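Structure incoming, see below.
Note that the chains are named A, B, C and D in the order they appear, and that numbering of residues resets to 1 at the start of each chain.
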Amino acid sequence: MSNSTTTEFTVRVQAEDFDVLAETEILAKGRKDVGAIVTFTGLCRDEGGTLEALELEHYPGMAEAQISKFAQQAVERWPLTGLTIIHRFGKIPPGDNIVLVIATSSHRRAAFEASDFLMDFLKTQAPFWKKEHLKEASEGTWVEAKAVDDADAARWDEQKTK
Amino acid sequence: MKIRYFAWLRERTGTSEETIELPETVKTAGELMIWLAARDEGYAFAFEQPETIRIAVNQEHVEEDHVLSGTEEVAFFPPMTGG
Amino acid sequence: MSNSTTTEFTVRVQAEDFDVLAETEILAKGRKDVGAIVTFTGLCRDEGGTLEALELEHYPGMAEAQISKFAQQAVERWPLTGLTIIHRFGKIPPGDNIVLVIATSSHRRAAFEASDFLMDFLKTQAPFWKKEHLKEASEGTWVEAKAVDDADAARWDEQKTK
Amino acid sequence: MKIRYFAWLRERTGTSEETIELPETVKTAGELMIWLAARDEGYAFAFEQPETIRIAVNQEHVEEDHVLSGTEEVAFFPPMTGG
């Protein structure tokens, strides 16, 4: 799973759903150097019952390249033993999965911080756009970027690792 | 030069991608937005607030003052909302 | 899953292994208000092949009470939709699970911060003690508490939530 | 009064739990440690560095100056290493 310098990682951008358990086992099963596994799963919320579906548009090629760029930064910054990032596109109904980040490490802080970091950058730097289709509206509405997500991403400019 | 539009830029221009000949007067990505906005009402609507639009050249984020050669893939899109 | 004030939580202290997928589904399956699931799994490492097993001693009753106290603090501090904490005791070989925290929320920061917070307090405030049994030694050795874990727990004294 | 010992305190005292009559001279958890240390070599070894020992009374963490009534469950243990 690793070369001489940094840990390899897996990045996938796909329409189909993912299997958190199967992806976790790829990183951890049979290994005895993994002390911490953090999984982040992002799901489509129904917004109090008003949402019919989210439509996720992406820029093929650039999406994979951007996610891989941040994955590379993560494996250079934290001592991970494994890293997998999967982001879906297409129409996603409430309750379904959107995004998965799994970071494994010998120690918990690296796994927590790397997955937190990656989610902040997926929110603000990966070329995906969400359109909300509400039950009561014929036209979908593009979700606006949030200032709080930019603020979250900016946290990582300073040295945060211990 | 290939140009791609995403999200509401795609909807407003009515175009997901197109190939254009870069005019000699257009040097930068920012100038390309101004030139595109002059094409028709849909393009004018798409580029009415160029400061909110993100630009990628060959799939890398760039600023408005990025100088174009005419052979790149240029993409215009709103701030990203993934994750 | 929730009463009028705060979200309920599940705390278990047990010898047997746990099933991350099954525990996750209890918190998320069929719900459409969960936007973020963070799972933390802590595992026994083999310490470069030297470790035969970890032996986890605990204080029955107090262990559950202390974990529940921090779980209660977490659901009061962050807007969670669900929270499960499971800590094992007994002899655990390398590669096996030790501890599980699952936090679910509408938004990612709450789920990340609550699970991170809980792990810091499980490390330093829950009455568990680890003894290392090495392959090359007849006597086990008690693991010493680490100053870095106290420092991690102290991070939560300040207001860290957004 | 029930007293419980965990981890290396259990090993050094050779006792996981015992019931004692709280001596009248012992008012606090800290004084109880001193009194226990005087019992025999194993207890002396267990309590040789009382400042490193954590105390719980009725399963709640307390400090050395916690005043005992004689009916509690008192536990002594090293710094915790869970998680």
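As a convention for this text, a residue touches a chain if its C-beta (ideal position, glycine included) is under 8 Å from a C-beta of that chain, and two chains touch if they have at least 3 such contacts.
Quick caveat, the model's predicted, so the values are computed rather than measured.
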Partner chains shared by subunit A and subunit C (touch criterion as defined above): none
Whole-Å gap between the CA centroids of subunit C and subunit D: 27
Mean-CA-position distance for subunit D and subunit A (Å): 48
Cα-centroid distance, subunit B relative to subunit D, in whole angstrom: 73
Touching two or more other chains - residues of subunit B: 83
Interface hub residues of subunit A, defined as touching at least two other chains: 42, 108, 119
Pairs of chains satisfying the touch condition: A-B, A-C, C-D
Residue ranges of subunit D in contact with subunit C within the complex: 4, 6-8, 10, 56, 59, 61, 75, 77-83
Subunit B-touching residues of subunit A, taken from the complex the two chains share: 42, 56-59, 61-63, 65-66, 87, 98-99, 119, 122-131, 142-145, 149
In the complex, subunit A residues that touch subunit C: 20-21, 24, 28, 30-46, 48-49, 94-95, 106, 108-109, 111-112, 115-116, 119, 148, 151-152, 162
